[in-house]
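The two complexes that follow have subunit A in common; it is paired with subunit B in the first and with subunit C in the second.
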Partner chain A sequence: MTKTVGASIDTGTFTKKKSQWVEVWGRFKKNKGAMIGLFVLVILIGIALTEGLWIPEEKVSTIVVADRLQHPSRAHWFGTDEMGRDIFWRTLYATRFSLTIGFVAVVVSAVIGIPIGAVAGYVGGKVESIVMRLTDIFSAIPTILMAIAIVSLLGRTTFNLMLAVGISSVPLFIRVTRASVLTVKNEEYIEAVKALGKSDLYIVFRHVLPNCLSPIIVQVTLRIASAIISSSSLSFLGLGIKPPTPEWGALLTAGKEYIMGYSYMCLYPGLAIMITVLAFNLVGDGLRDSLDPKLKH
Partner chain B sequence: MHKYILRRVLLLIPIILGVSLLVFVMTDSAEGNVLQLIGDDYTPQQMAELMHEYGYDRSVLYRYGNYMKGLVRGNLGKSFIYKRPVLELYLQRLPATLKLAGASILVAIVLSIPLGIKAARSHGTLIDNGSMVLALLGLSMPNYWLGLMLAVLFSQKLHWFPSGGNLAGWKSLVLPAITLGTGLMATMTRTTRSSMLDVIRQDYLRTARAKGVPEKVVIRKHGLRNALIPIITIIGTELGKALGGAVVTENVFSYPGVGRLIIEAVNQRDTITVTGCLIMTAVLVAVIQLFVDILYAVVDPRLRAQYTTGRRKRGKKQQITTQGAVV
Partner chain C sequence: MNGTKQQNDIVLSIKDLTVHYEVDGEVVEAVNNLSLDLREGKVLGLVGETGAGKTTTALSILNLIPFPPGKIKSGEILLNGKNILAMNIAELERVRGKDVAMIFQDPMTSLNPVLTVVDQVMESILIHETSSKVEARERAIQMLETVGIAAERADEYPHQFSGGMKQRVVIAIALACNSRLLLADEPTTALDVTIQAQVLDLMLKLKEQFNTSMIFITHDLGVVAQVCDEVAVMYAGRIVERGTLEDVFNHTKHPYTEGLFNSLPSIEDRTARLRPIPGLMPDPTQLPLGCTFAPRCSYATEACINTRQTEIGFSESHFALCSRYAEKNFVIDRKEID
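Take a look at the complex of A and B:
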């Protein structure tokens, strides 16, 4: 990582060298789309973290039969469901659950994929080709089918859903990490650390990986977006979260039964998914451009 | 060229073996459930016979070996629920899925490549930004949600297209194809644009223009041709994704394809059907990938040259490329 150098020299002609992250932030700030995405994400994460404090519990789960299937109105902004629960509050409340699923799924794939990819790229030779062939095999099965197979094998629980979505995108992390490690491992500074007699494990995790972070960070952001879509798709197929759990996919699934005549029940949870995914995608694209300005169009 | 194709075809074998082993071991562990599920109808002795018949008194590898013996002869086992051979079930549903995936890819290609080129040519303008925003929206939409909304609008409100099944001919293909095609279109527009942008900046395009080559020819012959390789790659991977995404789309529209069969089978714990369909889908994806790789060689003379020239000439070729790199 670039350290601040020259800070103590006060000759005026020298300016303090900016840290890499300050530069990245400077470029990121100029990207309007990415800033909008970031703004939305901050709000969403804020809602997810604090929702227990201000969302009235009774609005989310109390069944009011008299209010069932009300179209959107001033009293119920997004309308009510078949049990008379307010969809606006339920959609808002589902933020925490849905975001958590996306985050955990990506953590799963990153924790498995990054070390494997790093070792494959760094060690090279037979290990690398075996790992990469296995990755090819694994990714011959479309991700959603892979996730379906894993969920039906492990059982339909929330945890297994996150695991399934996570595992099915492991190959992606292996590929990205390996490709990135390959470009870094022949750099002179790695050779220098090697000459100091450090162990390979130390070199990989202390020197190689930190310099491979840019593409991985971008991938993490973009994968959270697709993990949210995949997990809600599985819920929709009846393999993930089941109604009445307040999760966007499950809300949509519940609304599916009433789609003819009460389409608002599906409209709003879907919009919530779309806005969230869009925000992650905007931030991911923005990060890619600002972390690697050479690629920018 | 032939050597290249042969090499790629041979590479299919380990992939098919690996995929089938992976899927088999994964679903096999869940397989016992089925027998337990239908267990009530059988006496313990019948149950034991059934366990023996399906090889449950032996190891997983034994069952896998048996399964593969069947697979090479085109026998994927018999469905517990439908009481019919899995291959027959699969082949019966396959045309519908291929039609859907093909139609959506076609929609995506026809719309996204011109849009991508237009966006790249008018880089930085409203058209460019607008199409990129659209593409990003397309990428961010869960496609089952898009399907539901399209069904509400075009089927329930406007009565233009049916909302499900495949009984209305091409009309019942329209909404599913758009639903599945939107995501693919988004990715392909973005790829076409960035690939074209790379090419547009090249000197040879400026040279072509300076020579007085008409703009249309510049774009089509000098531009698009060189930008095509990343686009073909993405079409290949997107076709694979379309086959996967079809699972969701088919279930939105009750469209009777392989995806719907898989979900029906999963819900009824008919694991042998799930196993068969997953393996066949993976093989199909691998075969498509193979065709894409061969297509590269057709489009990219550099790749073709690498394999058409014999071993002796290869040294010469490398020299040329290194010289090219120096220049």
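Take a look at the complex of A and C:
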């Protein structure tokens, strides 16, 4: 939605016009929580992108049986796991996989779910009934079962894992989008645009969807978190990332067996997930507020 | 409708339009056998109380009756000679906004809250005039200035404007394509009187400037007197009286129109009591066979209720739907003013 900057208009009083995104950023900056979230996210993404360069491979995957199940110490900041691998490095190294999984899975479900939900809600009638009943059928299948089915069907690769997790949360996006489209499509300004002779497709994507963004953005940030966790369940079932490669969910499930005596094995990957989820939520919240022009101060 | 009007300057011609809403087996007869003509550059006031079918008529002209439950049962709407009701979607999209534009009732809700006002004015230009974005923006800003909104406010959002300014933005959107016909659905109802006067002035000025025809829907007879050339009074989905402003205001024929005037406060006699029309509009799902106004009409006879009405002409332009005029000496109480 980049628009031509109004500098070309030579009315005398016309001040330099900021583009919409500059304005959004200006409002975003004022939100402290969102900035903290963004800061954390930038660090996490930075780690994810550069970790191949500075994390020594042998620290992540070398098995030293003598060092197994050690409590956090100066040598092993987060302790070691049941095979003597350093949990600090493994948690750090897992950032890439976990973030990618969370992110790609949500993009997949949003890209599929939002247009379907929007069209279903806007068109209404039979189309809506059919889409929504199919959605109901889909959501009757447990997420994890569906993901298992998809992964077994497509083969066990990281991408298929993300696809599976993404597809299994499509119904959620269809529902959320449809619900807010239903309220927006009856607004008078939509009728006014129809009276101007716009095509329905244009109206849905330019007028209806932007007014439905808030619940969708919140849904996106929440789903990133649950996608990370779903993919860990799949890892646990042996359908996710192949074992030596660390991933937060997998680390968590590995630590679960030792939680009585060695709770730190769950603590640190869990904290990592929590911090990521919190950061996404803060950013999502801030984004929603700054995208909504009505809240402009 | 004696064929005396010249055919070529008729912008809009509605013939025998009937619109029903069908809800749960009940049929709401919103508009019944409505016919009217509008010539270029004229303003037609469509007057009537809430629920009389004014807005439904306007939406029919755009073919925007929500279906279901709305359904255009019969009739023809000729816009510049082409029948709107026979058009496919692509043709309709070309006509809407280009040949006929609409100003909606409530400026508070008829602007999209997430787009800047200039974007919304640009839209109508971009779709119908195939101009570049820069050019469209320039024209949109010009249009905003025409309606009295400064260029530096163009990039603000609707919530930053007052009600009167929003209505002006809505008018700018409607006018941006120089459509020949403008449907104004109670454009000033949501505004206070000072802003109302401004907006009306503006609309009249713009009408002169662009030679637009207008259908002005309102229930405010004062506004009608100020802006309209012709008046059609609607009651329960029918036009009960139509004619020039002079005809309807000074030579009122229909008892319902008389009732409307009686319920206005008089400026000459400030102590006079208002005389409201007794009763309520009939249930639109069960309209009587005869005159729909008969149950509330002090002149009504048995025959009024049971027989279908036909339009009676008083002059070339003045018609009323009242069968009492079949009697030679029938007159209503309201005095004729010359």
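Some observations on this one:
Simple rule for what comes next: the second predicted complex is superposed on the first by the 175 of 297 C-alpha atoms of A that agree within 3 Å, B and C clash if a C-alpha of one lies under 4 Å from a C-alpha of the other, contacts with A are read in each partner's own complex, and residues count from 1 in each chain.
Simple rule for what comes next: contacts are C-beta pairs under 8 Å (C-beta built on N, C-alpha and C of every residue); 3 or more make two chains touch, one makes a residue touch a chain.
Everything numeric in this text was worked out from a predicted model, so none of it was measured.
Of the two partner chains, subunit C is the only one touched by A:187; subunit B is not. Counting the residues of subunit A touched by each of subunit B and subunit C gives the higher count for B. Shared-chain residue A:82: touches no atom of subunit B or subunit C. Of the two partner chains, subunit C is the only one touched by A:198; subunit B is not. Of the two partner chains, subunit C is the only one that A:292 touches; subunit B does not reach it. In the superposed model, A:207 lies in contact with subunit C only, and not with subunit B. Overlaid on A, the two complexes show subunit B and subunit C touching no common residue of subunit A.
Subunit C makes touch with subunit A in their complex at residues 62, 64, 92-98, 101-102, 104-106, 109-115, 119, 123-124, 127-128, 133-134, 137-138, 141, 150-152, 154-155, 157, 159-160, 170, 173. The touching residues of subunit B, when paired with subunit A in their complex, are 14-15, 18-19, 22-23, 26-27, 29-30, 123, 133, 136-137, 139-145, 148-149, 151-152, 156, 193-194, 197, 240-241, 243-245, 247-248, 251-252, 262-263, 266-267, 269, 271, 274, 278, 281-282, 285-286, 289. Touching subunit C in their complex are the following residues of subunit A: 3-4, 6, 8-9, 11, 13-15, 17, 187-199, 207, 210-211, 213, 291-294, 296.
Across the interface of their complex, subunit B is touched by residues 33, 133-134, 136-138, 140-145, 148-150, 152-153, 225, 229, 232-233, 236-239, 249, 252, 256, 259-260, 263, 266-267, 270, 273-274, 277-278, 281-282, 285, 297 of subunit A.
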